[in-house]
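Consider the two complexes below, in which subunit A is the common component and subunit B and subunit C are the respective partners.
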Partner chain A sequence: MATQRRILFHWLFLLVAALIPVVELALPGRLHFGDLLRPIFIMAMLGLGLNILTGFTGLLNLGVAAFMAVGAYSYAILTCDIYPFRLGFWPATLVTVLVGLTVGLLLGLPTIRLRGDYLAIVTLGFGEIVEDVLKNLDSITKGTQGINPLPSPSVFGYRFRPETYQPWYYLFLGILALLVLLNRNLHRSRIGRAWISIREDELASSCMGINPMKMKLLAFALGAAQCSLAGALWASYLGSSGEPGNYDFQVSIIAVCIVIVGGMGNVGGVLLGALVIMGFNSIVLETVTNFLKAHQLISSSNVFTSPGNWKYMLYGLALILMMRFRPEGLLPSKQLKAELHPPEPNVPPPAS
Partner chain B sequence: MSGAEIFLQQLIIGLSNGMIIALIALGYTMVYGIIELINFAHGDLFMLGCFAALTLMGLFGLDHVATGSSGVWPGLLLMLIVVPLFCGGLNWVVDRFAYRHLRESTKLAPLVSAIGVSFVFMNLGLLWGGVPMKVFGFGRAAAAPKDFPELLSNTNLLGQSTVQFSGKDLMVFVVTLPLMALLTWYVKSTRAGKAMRAVAQDRLAAQLMGIPVDRVIGQTFLIGGALAGVASVVFAIYNNTIYYQMGYRAGIDAFTAAVLGGIGSLPGAVLGGLVIGLARAFCDQYIETRWTNVLVFAVLILVLVFRPSGLLGAPAKEKV
Partner chain C sequence: MNILEISDLTVRFGGLTAVNAVSLDVSEKQIVSVIGPNGAGKTTLFNAITGLHEPTAGRICFNGTEACRPFGLATAMMLILIGLIAALSALLVVNVEPLWDTAITANYVYQQPFSWVKAARAASHYFAEQPGRRFIVPFLIGALTGLAGAYAIWSRTRRAPEVAARAGIARTFQNIRLFNQMTALDNVLLGMDSRLHTRFWHAALRLSLYWREREESRQQAMEILRFVNLLEDAHQLAENLSYGHQRRLEIARALAMQPRLLLLDEPAAGMNPAEAQDLMKLIHDIRNRGITVLLIEHHMPVVMGISDRIAVLDHGEKIAEGSPNEVRGDPRVIEAYLGKEHGDIPTA
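For the complex of A and B:
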């Protein structure tokens, strides 16, 4: 019964999301929430990729922006006119996902044996190396200009245009919905259970016949593939690979914030996290700033009164306070919540 | 300049910067040694120290003192006392409120918390840069790099030689070397240092022996932070430019140094700092500046993969 209700809830959620652009068109005034939601969808995909690693398997990755960069640049190289490939949207996306998978495997192979915090640092270093290499190999990546312009994708014979956001919206929503389905099923499958058992106790899970190295490597590959898919879609949306600085450490950390604030190991939690963190950035902060500016309450010359200058303070405090008071996130997975809030061991049994 | 002179020059630059990296790395390695936390905010603490030093310059009008005159000494001394106190105190407060409650939690919890602290510090640095003071350019463009006034002159102490060894280079060694000796003596020979080592070895056993574990950990944060404070004064005087995002790069260099030397080992951190400083200087000279960061990260990854215990560290005991 509970499962049925949950499924109903999910369909309802998808329906609401699908109706947003339609309602906006019908309403008077120039709302553009659907437009603002597109980057949130992309970041949600990035968060889902990281969630496989950090949420399910318990491997902290501080360099997912690098996987996203790999995705964006390989999509750009595969589609841009100045390179010989000139693939269409679907083949390029598919190849990009495979490239991401390979990169994840290649990074995972030597580093997977490392302990948790060392692995985190290696992934951070990898992220920095990718950023710098993309910047320095300017004969291929065009340095800080990025690869552009990319042709607008054409999906099922329909040619996308940068001016109308609705088709993009539905494309991203559809892919995100598929990814959510995939991740939920992975979570409940044999593989997902193996990942969770590794997160909970690696020794015990290897005693149960799970090969932790193989499973962690799989998590790396699948997580990287999803992150590079996010990168490919991002590049198609920008019409450019973006510049290497767009995929820096702060993007990786925002992905970490999304997963942790939303709820590690829970797909719904990651979606909520993306909505909260990115929505805060692109909707709340923007609206507040515009409101204050319109009413002459702040001047752009004063550093302190501009809300944008407090952004990272708020992100940082969110991380600290979450770890202190609700380490399982806003919408946690049941197991993680139980683990982080163990029942008091010393409660005497009730007198009979 | 002949080849040998270029080499010697890069050696001096590398060693000077390496000593500064080593000071920051000591803070990393002490904290990691005692609670196995990669204190992500340490680099940003160093950055805040630089801003504190610049604020002191402004408050006491030291930016008007002529470069290299005897008037700079009281100011230098003042900064070397106040900034370490500020950084050490701040580090202690952060441990008290952000990390102490997470000691029994999962291992990733304090690390994530430290990333949060790092963001808060970085944001504080951005806002601090907007303080309307003359040394900060009256708050114009808070994010812009700030000029740190020249306190020591660049006059070459080696006379007519083409190789530069200035008073700044000398200052780096004069400040850092005794400090490192003092730290070694403190950890090796005092009662407090013994308690520190005991907590690092086995926290529970130390507690059972009556060592106030939380206070010892707080002390470690205090000392590590103070070292970062000294490093920020030395860095600011040596390099004369500070900006609010410098903590990230400095932190990564220092962390790499700590890992390279063997995390948890004090001489290792110094050795690692020198190696990283030299590697950066030689890469700048003989390869290309734009590949220097790649080199540092490649060193970091290779060391972690092939020799996670570092150059001087004890073989890592895997805690399952």
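For the complex of A and C:
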């Protein structure tokens, strides 16, 4: 059975991901592969949130970094001991998700009737506004310094330490797996079907009795909640809310790239997109830079020779090549693939 | 009994009157056709019935009532809630920083226990001491903006397509509007959507209701696909179906809504005579299931063959109505389709 094979494949994938830190210990040398995977997990969560909005429902959102910032800052305010809340990891995360949900609804309510480019512009503006508010609301957000230090989370009585990455790795992997499960379940239910029908043809879908406003608001709330969850985990990982500039337009664009490169509207595709885009950033570029430095092929004084400085050029090139050769993404949903590669018309077999 | 009563319906787009004072009654379990030259206002009439266009004047009663959202207690509560949220947001925007300072920063000593009662008291003191412009003005502006905005959106979407659809009016489109990248089965399942009971948490956690309803709805959808003879195409993407099959899939999707009234907008367009024959039989079968059919069609053999009544539109006005035979002989209908002979100016 094809479905059984697919389920087996998913479990295998999870098993491999779970074994990476263990195998790494056994290997000689100091590999930090599992360590480097942590930001990838977080960006994958961000991508999943955006995927609900852009991939399923077809609402182009260029401001997901703002949701992430809202998550990171509310988590920081709730846990940091310079504020009176001082919640633990789980309650703070839960409240953060609820805050993200509310912010998503608040942004969704007035903008719900906008479509396409207009919505993209509004969300772009929202991203800028949130960044500026965080910069200027000095007494609450500590302006450009960000809120720090945050206490390390303790989960089920175990206190995390910044030096050992393995517990973090498993925490993020577990949450990511839960999110993937949630997104997949929604995608294959009447809710996902309604979202996709709105992406395809909003008018026809409303003539079928779907309330597009309700479904779009749901997408907004859920997408924002997932993005702010990513933000909360990011803050706990950094031990700081980060500064407002960390959540600028570039982060939103990277999230959009993850969704597009991976394959819009496909949960597995988003994971692959995060792995490719972020992996390229933190693993490939890093390794190449270290290699070149070790062999003294580049000097740090010359900005042009450092591969890290070519990052966005390379992203751009990758996007152009993607659009030319594989516009549906690396791992497309079968619907989009069909849209972008129409099958050959059936040629009747010649009469013999 | 009349299932649909249209009285003096006028739809205007700026200076253009697309439908002008049209009245039409459709009795239950009949097949009624609307014919007329291109641009006569037939599709606009359909759009008005299904809530896509707001009527400029006149009433459309389906099943004795107008298909629009009633203004009930829930609506009022929702409007007030949105107004309240907007008011509180406006209040916060103006006051958040000094409020935070007086209530939280001033009362919190690093890592000492924090008294929320004291903080709440400080906050209420803060508001009591503020001049009205920091308290009442933003609250009022927020509340008014929120209420007015929410009410504007609500009243504009009162007569939305989904309201008509949920009342029991299904339709197909002149230029086929299937969900192309969904399978035929998913298209039909989407038509069934408003009758499903699965909610968000059922779907997210895959509770037993999800599985049960999934199985039931799939079976029903397959049943409908068999009825329109598309069973073997169930797992094909809608856009890969042939033109005639797409037309029938659109009808299947509409039937999945279990409507009481089905509006078909030129279902036979682009069909060859054999396909049109099949379609006529299908429309007959639909009517025999107890569904009233309102039909726009140019294909005269189809119209004359299956209609119980025919209404003729020209330039937005209804010029004739009656049984196929009456309409066929009506001089005004002939005139609308073929034009007037020269010199044959009627003496009024």
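Going forward, the second predicted complex is superposed on the first by the 342 of 352 C-alpha atoms of A that agree within 3 Å, B and C clash if a C-alpha of one lies under 4 Å from a C-alpha of the other, contacts with A are read in each partner's own complex, and residues count from 1 in each chain.
Convention: a contact is a pair of C-beta atoms (placed from the backbone, for glycine too) under 8 Å apart; a residue touches a chain by one contact, two chains touch by 3 or more.
Keep in mind that this is a model prediction, so the values were computed, not measured.
Q: With everything superposed onto subunit A, say whether subunit B and subunit C fit together or clash.
A: Because the two structures are overlaid on the shared chain, the partners are seen to fit without clashing.
Q: Roughly what angle, nearest 10 degrees, sits at the C-alpha centre of subunit A between those of subunit B and subunit C?
A: For this superposition the angle at subunit A equals 80 degrees.
Q: Touching A:E163, do we find subunit B (first), subunit C (second), both, or neither?
A: After superposition on chain A, A:E163 lies in contact with neither partner.
Q: Looking at the overlay, what does A:E128 touch: subunit B (first), subunit C (second), both, or neither?
A: First partner only, subunit B.
Q: Applying the touch criterion given at the start, work out whether A:L203 contacts subunit B, subunit C, both or neither, answering first, second, both or neither.
A: After superposing on A, A:L203 lies in contact with both subunit B and subunit C.
Q: After lining up the shared chain so the two structures overlap, which partner does A:P110 touch, if you call subunit B first and subunit C second: first, second, both or neither?
A: After superposition on chain A, A:P110 lies in contact with both partners, subunit B and subunit C.
Q: Tell me the contact category for A:R190 with respect to subunit B and subunit C: first, second, both or neither.
A: Once the two structures are laid over each other on A, A:R190 reaches subunit C alone.
Q: Have a look at where A:V303 lands relative to subunit B and subunit C in the superposition and call it first, second, both or neither.
A: first
Q: On the combined arrangement from the superposition, state the nearest Cα-Cα distance between subunit B and subunit C in Å.
A: 10
Q: Show which residues of subunit A both subunit B and subunit C reach, each in its own complex.
A: 110, 203
Q: Mind pulling up the subunit A residues that touch subunit C in the complex?
A: Residues 81-84, 106, 109-110, 113, 137-140, 182, 185-186, 189-194, 196-197, 200-201, 203-213, 218, 335-336, 338-339, 342-343.
Q: Please name which positions on subunit A make contact with subunit B in the complex.
A: Residues 54, 58, 60, 62, 110-111, 114-118, 120-122, 124-126, 128-129, 132-133, 135-136, 202-203, 249, 253, 256, 260, 301-304, 309-313, 315-320, 322-324, 327, 340 of subunit A touch subunit B in their complex.
Q: For subunit B, which residues count as touching subunit A in their complex?
A: So the residues of subunit B touching subunit A come out as 36, 38, 98, 101-102, 105-113, 115-124, 126-127, 129-130, 139-140, 142, 248, 252, 255, 259, 290-291, 293-294, 297-298, 300-301, 304-305, 308, 318, 320.
Q: Write out the stretch or stretches of subunit C touching subunit A in their complex.
A: Result: residues 50, 52, 82, 85, 89, 96-97, 100-101, 104-105, 107-108, 110-111, 114, 119, 149, 153, 157, 160-162, 164-166, 170-171, 173, 177-182, 186, 189-191, 193-194, 196, 198, 200, 202-206, 210, 214, 237, 239-240, 253, 257 of subunit C touch subunit A.
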